[in-house]
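Each of the two complexes below includes subunit A, the first together with subunit B, the second together with subunit C.
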Partner chain A sequence: MEQENKDHLVKALDVDVRFDGRKKLQYRDITVESGVYKNAEGSAKVTIGGTEVLAGVKMEVREPYPDSPDEGTIMVGAELIPLSNPEFELGRPSIQAIELARVVDRGIRESGMIDFKKLCIKEGEKVWVVSIDIIPMNDEGNLFDASALAALVAVKNAVFPKLDGDKIDYSEKTKNKLPLNKEPISVTVLKIGKHFIVDPTITEEAKIDARLMVSFGEDETIHAMQKGGETPLTADDLKEMVKIAKTKSKELRKFV
Partner chain B sequence: MSKLLVKERDVVVPGEDIVEGMDYLPSKGTYREGDKIVASQLGLVRIDGKVIKVIPLSGKYAPKRGDTVIGKVIDVLMSGWRIDIDSAYSAMLGLKEATSSFIARGADLTKYYDIGEYIAVNITNVTSQKLIDVSMRGPGLRKLEGGCFIEVNTSKVPRIIGKQGSMISMIKQATDCRVIVGQNGIVWISGTPEMEAIAIDVIKKIAKEAHIPGLTDTIQTYLDKKVPKKKIVEPKAEEQEKKPEVKDTEEKKETPSKEEKK
Partner chain C sequence: MNYKKRLDGRKFDELRPIEAKAGVIARADGSGYFKIGNTIAYAAVYGPRELYPRFMQNPEKGIIRVNYNMLPFSSKGNRVRPGGSRRSQEISMVTEKALLPVLDLSEFPNSVIDIFIELPQTDAGTRCAGICAASIALADAGITMKDMVSSISVGRVDDQVVVDLNYDEEAYDAPVADVPLAFLNKSKEISLLQMDGDITEEQLFKAVEMGKKACEKISKIQREALKNKYK
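Coming up: the complex of A and B.
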């Protein structure tokens, strides 16, 4: 059933109150676990309040793309399973699932987090392909931040499997970690009425006007952005939201 | 002589024997098989004199005549409204039962209740085919405007209301919110945003700790801690006249402790 209406929510935000007792710019409790699955090369479980997201990293050897013969690549897939939210349906990936995967992909790819050149085994013939899978186990809002965080921790946690000539021995893991440069943290800021909030619950998510995900590196450079929601944002809105995201990204960085 | 095979408040699974012998009567969630009473649901055993009940741990709301529930209008029909009461079946609100004012022939029914609006209704009849009739004639039955709605497990509703409404009136008094608890597990809360947030928190806490004995005292202390003293002084102003001394000492005690926290 739909819950409180939007006017009611905005009225509460006017006095900096959210119905789960938080303030506008307050995250729920976050827990991060890494290396939770032994069959994956890297894995992580992130919970933000009741939201729970799993991320797994698998690695395989493939032929590189013709336009970048000396670079490995990443693939991010997200599957929104009905187990996590009755609104999600089985079948081909929904628009939400594609957006979630692409946003996480962009955060990792565009930040240059993984050094693609170092994933090359033999130029033009063999490169490592890192595939990151994201599966929410429970959706109580803010899948974006939880997924981005889970993907980051899983990638950080990942080790190469043993490569024996052409064959990969997944049962034997090496101690070589992925070549990483940066650690991008994504923060989603939402606009409801004239208010900005972070870490929405599922009921708040249904009532937002606009959403902006910003991905920050350690040196506070912006690596990626994604705007969502139906209402446009003004330049001032954008500045304010980026500012909020920057301070919040420092908070989230403690969990990595 | 009958023999009880489980204790009160024990968890039973479907098919588990509860009583051996004919001295007890099976009620909701149980059935008789031979000379035994057997559970048909997963839940807690409740022994009420000679009557054996199983209180389910969870599950959708099963409509019952006489229950007050909170529903959402999902359709406006020729002669009434269809109401979603968060059960397996939807309910029907007839024109005659909807309002005490006169509704002219051919009037626009959305003027009274439109799709998506919430109303508090009373279940007047449930047929064997599970056709549910609801009425809005009765005290407190009305359209619910503003406020927020939360969902709780239907089996926890009696604990939220408390004995003769003790728990709910405690919450109302402390937070100064208007609260309506539907038997279908939907709770409507309306007040100032801060107090609504506290009321939601408390109700969720009750639902979570419903099985723990001594709940009322726990919730009372929790409420005292949660509600800022400033807010509580206003509604309790009348009470202060009766027992001025006691109230004063209470206030003195709690003000310094609040400062320490800050």
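Coming up: the complex of A and C.
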């Protein structure tokens, strides 16, 4: 049955049609809202088709790590809450949630998007810790791209709370935005049979052979990647998938 | 010192602005959204579905499971650490008890109805908003309900009995009492009652009366939300 469904999907892709009528390299409709929740220092809601993801930023003051006394840091968390998908369960974060958080984290951290030195308040004593939490509210596929986009928009939208000596006054927000260098956009390309598609639905996600997430800066530099799925990729596959991701990242950038 | 005027200018028996919706989470069997002032609650219902682990199954009747959770960025203060707390476990339990009286679980042998409540933004009254959202979600899921459950927090700020305390009122520098209540709409029975602070008997009974009236208003808004889904 599984195999039959997959054959059916691949046959449709042969003529560039997907079950929901889209073409192989076509995203569903995307909406982006920023500043949706006022208790967060920054927040965003992204929808891609029926998929809806929230991202929120909270900032706290901590002691820096001993090996980087003049740098603040970021923390990315993702909770695959069971409200958003009947398959998700309560309890410790699943490996899917951990992978999602780490992949988004790398996209932000390794691109140098946030200058950690500018998060230093007093060297060796106080730095800002920026927590970015990603929460899917309805999972109809492609949480990767929706999450990365939501995280980026929430960070762009974030302002520092007022710092009163040692204490943070969360009730008063400053006008100071987080200092950003880059704005990396992540695109996930999926391989099914010999076909490549973007923005998978839940049904498609269950049938893919391989997955590649690529994170691009504005200058077309690649900042993070993650291969997933059980089938290996050839070097030619990789070339094609990176090319698709680059083209699509430009499309997604319009929403930021 | 007298509490003559509420901090946000409301009348003593006035609710914050309410917005309610049904069917906000497509993948759930039923869902509800309830916003009161700056407190926002989402609830999703999954089920009745088969209950695992199997030894928990009861051929006589099903169970409901509630999980109340504040999202990490929802609080006015520090980030809320994920994974639940003693507080969230207790609120999940009292929420379950608040909803149970309107359900007939003998209809669902060996099954579970899961109710997930998530709060992306909070300003007091979160368990009450969660119950209101959950009640909408249960109805939206098509689960037979004997009644609508509506919930509001009442209490006392200094010398005044008030309805729907917000965060600043709960933290007001005078004697304060916070009494979260849930009412079954038709029978007017109380299915949630907690209280902390200080309050006289007289103030308590007056507050409960005000809560009952407030819940009548809320129940209309909940039913309206359900009707609007089909407009």
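In this text, the second predicted complex is superposed on the first by the 252 of 256 C-alpha atoms of A that agree within 3 Å, B and C clash if a C-alpha of one lies under 4 Å from a C-alpha of the other, contacts with A are read in each partner's own complex, and residues count from 1 in each chain.
The working rule: contacts are C-beta pairs under 8 Å (C-beta built on N, C-alpha and C of every residue); 3 or more make two chains touch, one makes a residue touch a chain.
Remember, predicted model here, so these are calculated numbers, not experimental data.
Of the two partner chains, neither subunit B nor subunit C is touched by A:G124.
Of the two partner chains, subunit B is the only one that A:K11 touches; subunit C does not reach it. A simple residue count on subunit A separates subunit B from subunit C, and the partner touching more is C.
After overlaying the two complexes on the shared chain, residue contacts for A:F19 are found with subunit B alone; subunit C is out of touch. Residues 25-28, 38, 40, 42-44, 46, 49, 67, 69, 71-79, 82-83, 114, 116-118, 120-123 of subunit C touch subunit A in their complex. Every residue of subunit A that touches subunit B in the complex is listed here, in rising order: 1-5, 7-8, 11-12, 14-15, 17-21. Across the complex, subunit B meets subunit A through its residues 72, 84, 86, 116, 146-151, 186, 192-194, 196-198, 200-201.
Subunit A contributes residues 36-41, 43, 50, 54, 56-58, 60, 77, 79, 81-86, 90, 92-93, 131, 133, 135, 137-140, 170-171 to its touches with subunit C in the complex.
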